[in-house]
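Below are two complexes that have subunit A in common, paired first with subunit B and then with subunit C.
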Partner chain A sequence: MFRKSHPLQSKSEILLRNIVVLVMVVFFTVFLIVPIGIAFAGSFHEWNPLSGTYRFLGLENYKEVFTSALFGKSMLNTLIFSVVVIIFRVGLGLGIAYAIYSPLIRLKSFFRAVYYMPVVTPMVAVAFVWKFMYNPQIGVINQIFHLDLNWLMNPKTALLAVMIMTIWKDFGYAVVMYMAGLYSLPSDALEAAKVDGANAWQTFRYITFPLLKPMTLFVVITSIIAYIQAYVQILIMTEGGPGTATYLASYIIYDEAFVKYNFGYASALSFVLFVVTAAFTLLSFKVSGTEE
Partner chain B sequence: MKKKIFAALMAASLAVSGLAVNSVYAEGNMEPFGDTVKYDPSVEINNGEDITVELWEWGSDDLFQQVIDGYTEIHPNVTIKLVNNPWEDYWTKLPLSLDGDKGPAIFNVHNSYHENLINYMAPLDIPVEDLEADFTGVEAHVIDGQVYYIDYGMMTGSVYYNKAMWEEAGLTEEDIPKTWDEFREVAKKLTIKDGDRIIQAGLSFNDDFHQNYLLGLNYQLGENLFQEDGKTPNMTSDAMKQVMQMLVDMYEVDGVGSKDFGEKSADTFGQGMSAMVLQWGHYYNTLNTTWTDIDFGVFEIPTFDGDPYAYNRYNGESTFGINKNAPEDQQAVAQDFVKYFLANDDAQVAFNLAMSTFPAKKSLADDERILANPSLKVLSEHIDHYIWPGPMPATVENSLKKAGQDIFFNGVDIDTALQEAQDNMIRDMKNSSFQSVENLYAYAK
Partner chain C sequence: MRRKISSIALNVLLLALGIVTVYPFVWMLSSSFKQNKEILALEQHLLPQAFVTNNYMNMNAHFNFMRFFANSLFVTIVVTVAVAYTSTLCGFVLSKYKFKGRNLLFGFVLSTMMLPWCVTIIPKYSMIQSFGWMDSYKALIIPALFSGFGIFNMRQHITTLPDEILEAARIDGANEFFIFHRIILPMAKNGISSIAIFQFLWTWEDFLWPYLVINSQEKQLLAVGLKMFNGQYSTDYGALFAATAISIVPVLLIYLFFQKQFIAGIAASAVKG
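For the complex of A and B:
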């Protein structure tokens, strides 16, 4: 299967490598490439796998995507949601990681674990708890802040409420990532800054933050990919409401595929979203100047 | 969600109905029983040879098991394996399973999934005229002269009220409203406020106004949900606008409740925060199992003028489906099992009480066990004045819910919101095979 242009020691090693690679190729083909191909073909059809409907529509589904006001609104919501959550995720993550990294802080592992706990808690559970906390009558948030707000059904606060929950749940991921980045910084650069008389802010601004750029880029890109796919919190907390005020792009896909069983249109939406995600990822590389 | 809660409560409701008795299903003898659709227990199944079939359902195992036990007591050579799939998985697994050769011979049906199931179903081996003689609403299920499933029960809405709050407001049985105007006055009396802040709502319809009001009260005003072609929604009708306006006025003019007071009307009533709620039959079981502290009464849905075209919409609880791709011997057992279920009055009563549905079987309309359930008794007088529009696609409910939320929360005017709902439905239903059966209503204009 593979030519022997490598420094492997024995036939058994080569055999093992070939088996491992073959398994991975088969795995990705069966569970990734084939489903993507089926979905792509399906995006040109009226397709309901449950009733057996599969009728060619040409570009009809794509035309509908690009003329849908709801999809446009959802994309705008997704953009707002992603930008705000990513900014806070990165900002809070970096800030808290830097604070924990400080020699003044003890119990570093404890803090790291505490901030990471929401990340490993299932989104479904977190969303239900926060939904209860936002309850206008008995929710703890209104009681603490002496408010009388129907957070999740007010069009001005509904998306904000979901974003706050998402930031709380996810910023711990950035904390852990940045801590890993901070501990791997070259100590000579930091010491040189110290010798040159740089204060704490200057050290952070001109040494630490630039050196953390690859980590920031990683967090931002993984966040873009994750938040463009976000729908669980919407499904549980608002169901897209009030009206369609909190529809996100991925929630429409869920709604079309698993509520209306309109798999063809949902597939077309998915491919458009795939292209958008890829474009944003490339843009991130461009902006950060690390395209190569 | 409503359907899921409903399904989950079925099992618990058995205890309430007091029908957890196996022997009632077996009739105890081998004489034929039933009305027009008769079941003869003496007829051997599968030539007396052992056979196993599966029955899939999404909840209420005990209820199904009792029917199975009754049947297998008559036919010990038949084994019916009950398979429970949770509601969330059921509607994906079942059609995919029926598409192959390993699907269950018998399966529970919910008519909201009609389009995904009908292509896999075998017609019932019972003459349509016999079914029509025994059951209400059969005509609406006839497809090309054949019937694949029918309704064993009809579910619709009634008003539930908190008796303690009713009494505290100085109201008596005499005050039970017959019209919406009277209803609004009663709701005002039941409302308690501290300044502008609601302490006790006279009424709540939060989260389910679309199911319980918008998709039903239009009939009281003589308008169908679908236009004459049976396909085009009729959401911008004057009746729909009038109903929507009444809901808005109840909250914003009468002040008997608020869009922000309680997330779901069903919970708000159960938590003692509101005095009245319009809910469908399943709510009777919910109150008896989940909100046991609430002392409640039930009355028939009010009307606009006392002489409505129809009182409300109903939805049928469906009989079992038979898998047309199952082996012939299994299909034969399935056909026999369905006939046994239809002919067996005790099974019919048990299922209807468990679901709080009014029996579609005509001979059970006056059954004392049925009328002992207050939520069914209030329906008995006018049960023939309820309309089933057919198995509406999900977009009908979902689009109206969004329209209502746009009106209440997003400041959209009624005309615009209903027009948007209409447009959404037309777009979502453009490839649907749905055909309204409102024209089959007994008193159709």
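For the complex of A and C:
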């Protein structure tokens, strides 16, 4: 079939292609498509590997998801968490990238490299460092700001503390992205603005920022996908507590699946989260499309 | 004059932000050389007043931390090399060969990047159990051999390489295996290094998967070891700082060493995509 449509292909090309395509198809079928199928089927069952239960429940798991107060609370937490972190990530990223980009700064690659450092450090380790920094006994944060707060144990500050840590870890990614965006801007648009006598703020507001919109969209979408899946910092720093103050959506899934072994319910939660991710991604595309 | 003042002000601002960014690392590293009584003291100094290295010794005496480190290094290097190779190979086939279903396959690879980890992890865990791969590095390595992110990026990268070079080699009688290994691999060096650096970080920091599939302590990886260590010695702060430092420093060194490729790599994939 392949040979007929492309008579010029050599034997070795057909061989290499067939091997690679076959291996890829087998790999992704076994480790992706089959698992998605199993999880989808499992989401309609009471499925507990410890007790060996696998019993059909119909839509029960999904009903439980939508009536669960904890899931509602965790979605609200995830929403607050994502919105705040994304605003700071985009704001700091854009502001800092623009500052580094300006001719007033010389050590451009130095600053860029420094801000990117937290992005490339393992989350588990970084979460521990911050857990110690928030510690009321040994923590450096209370010492520096002369505070007496038990950051991670207080329901009012726990989520905030995790958000601050996440902003610290992730803003550098946005800096690098916006710098790449700034350096690929068409210089004629900026020249034209200069000729027309636009000041720095006007140039930024009416030329640079709109031109960077694809990059903003990229950062926002990748952030939404990432934060809906975030759980490691919660696992290390708060385990969802105090109470339910820092439960995030993906942490519940971790908890249901690998602490309580409710595989069926955790699968239902996963699919709901998957749909939410897809919906928000589409929404971001839509919002940026209608503005233009 | 005004320009000079704003330049200084902006530099100072960026430097201050830089200090905030680096401070947690400095604090952690410095604390790892302090005695516990100094860590807990009321009066705090950033630098250790009495410089000690016994936290690093203690940490290893309680817990075979260096074993976790070596295990992590082994698994991470194997997965990184494998993913760099398979991503380049699949990227080559998807960009330079024309065949039916190519776009479908590529679209599929692209869509894998949007799928949350939680959707597939439970079935994958059950599958590993039924394959009998529990507590073996097979479970860590085999499901990680191909990466959607890697294939997507290498496909984008190899598309930009000129077809003429491949044609010239073919006319000289080179077969495709030779072309891939001797021409494509060397020419895709930049793309490969950015994929490799990312994969190194992700495998190094992965917590949940090794936690689920590895049971015996002598096979466990560093990220999981760090959490176990914290659970058991939660008051030996000095040793905790030392253990955390050990798990951060290798990736930071790799980053500082390769930061040019790293930053160019992530920026390129975003500008193109």
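The rule is short, and it goes like this: the second predicted complex is superposed on the first by the 261 of 292 C-alpha atoms of A that agree within 3 Å, B and C clash if a C-alpha of one lies under 4 Å from a C-alpha of the other, contacts with A are read in each partner's own complex, and residues count from 1 in each chain.
The rule we apply is simple: a contact is a pair of C-beta atoms (placed from the backbone, for glycine too) under 8 Å apart; a residue touches a chain by one contact, two chains touch by 3 or more.
Since this is a predicted model, take the numbers as computed values, not measurements.
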item: Residue contacts on subunit A - larger count, subunit B or subunit C; value: C
item: Which superposed partner A:V259 touches (first subunit B, second subunit C, both, neither); value: first
item: Which of subunit B and subunit C A:T277 touches, first, second, both or neither; value: second
item: Touching partner for A:I105 - first (subunit B), second (subunit C), both, neither; value: second
item: First (subunit B), second (subunit C), both or neither touched by A:N150; value: first
item: Touching partner for A:V20 - first (subunit B), second (subunit C), both, neither; value: second
item: Contacts of A:S51 with subunit B and subunit C, given as first, second, both or neither; value: first
item: Subunit B versus subunit C as contact partner of A:L248, first or second or both or neither; value: neither
item: Subunit B versus subunit C as contact partner of A:M133, first or second or both or neither; value: second
item: Touched partner set for A:V90, first subunit B, second subunit C, both or neither; value: neither
item: Footprint overlap on subunit A, comparing subunit B with subunit C; value: 49, 137
item: Contact footprint of subunit A on subunit C as seen in their complex; value: 3, 6-7, 10-11, 13-14, 17-18, 20-22, 24-25, 27-28, 31, 39-40, 44, 89-90, 93, 97-101, 105, 108-109, 112, 114-124, 126-127, 129, 143, 145-146, 151, 170, 175-177, 180, 201, 204-205, 207-208, 211-212, 223, 226-227, 230, 237, 240-241, 244, 247-248, 251-252, 255-256, 259-260, 262-263, 266-268, 270-271, 273
item: Residues of subunit A defined as touching subunit C within the complex; value: 1-2, 5-6, 9-10, 12-13, 15-17, 20-21, 24-25, 27-28, 30-32, 34-39, 42, 49, 96, 99-100, 102, 104-105, 109, 111-118, 120-126, 128-130, 132-133, 137-138, 140, 143, 168, 172-173, 176-177, 179-181, 184, 215, 218, 225, 228-229, 232, 235-236, 250, 253-254, 257-258, 263, 266-267, 269-271, 273-274, 277-278, 281
item: Residue ranges of subunit B in contact with subunit A within the complex; value: 91-92, 95-96, 99, 115-116, 119, 259-263, 273, 393-395, 398, 401-403, 405-406, 408-410, 412, 428, 431
item: Of all residues in subunit A, those that touch subunit B in their complex; value: 46, 48-53, 135-137, 150, 153-155, 240-245, 259-262
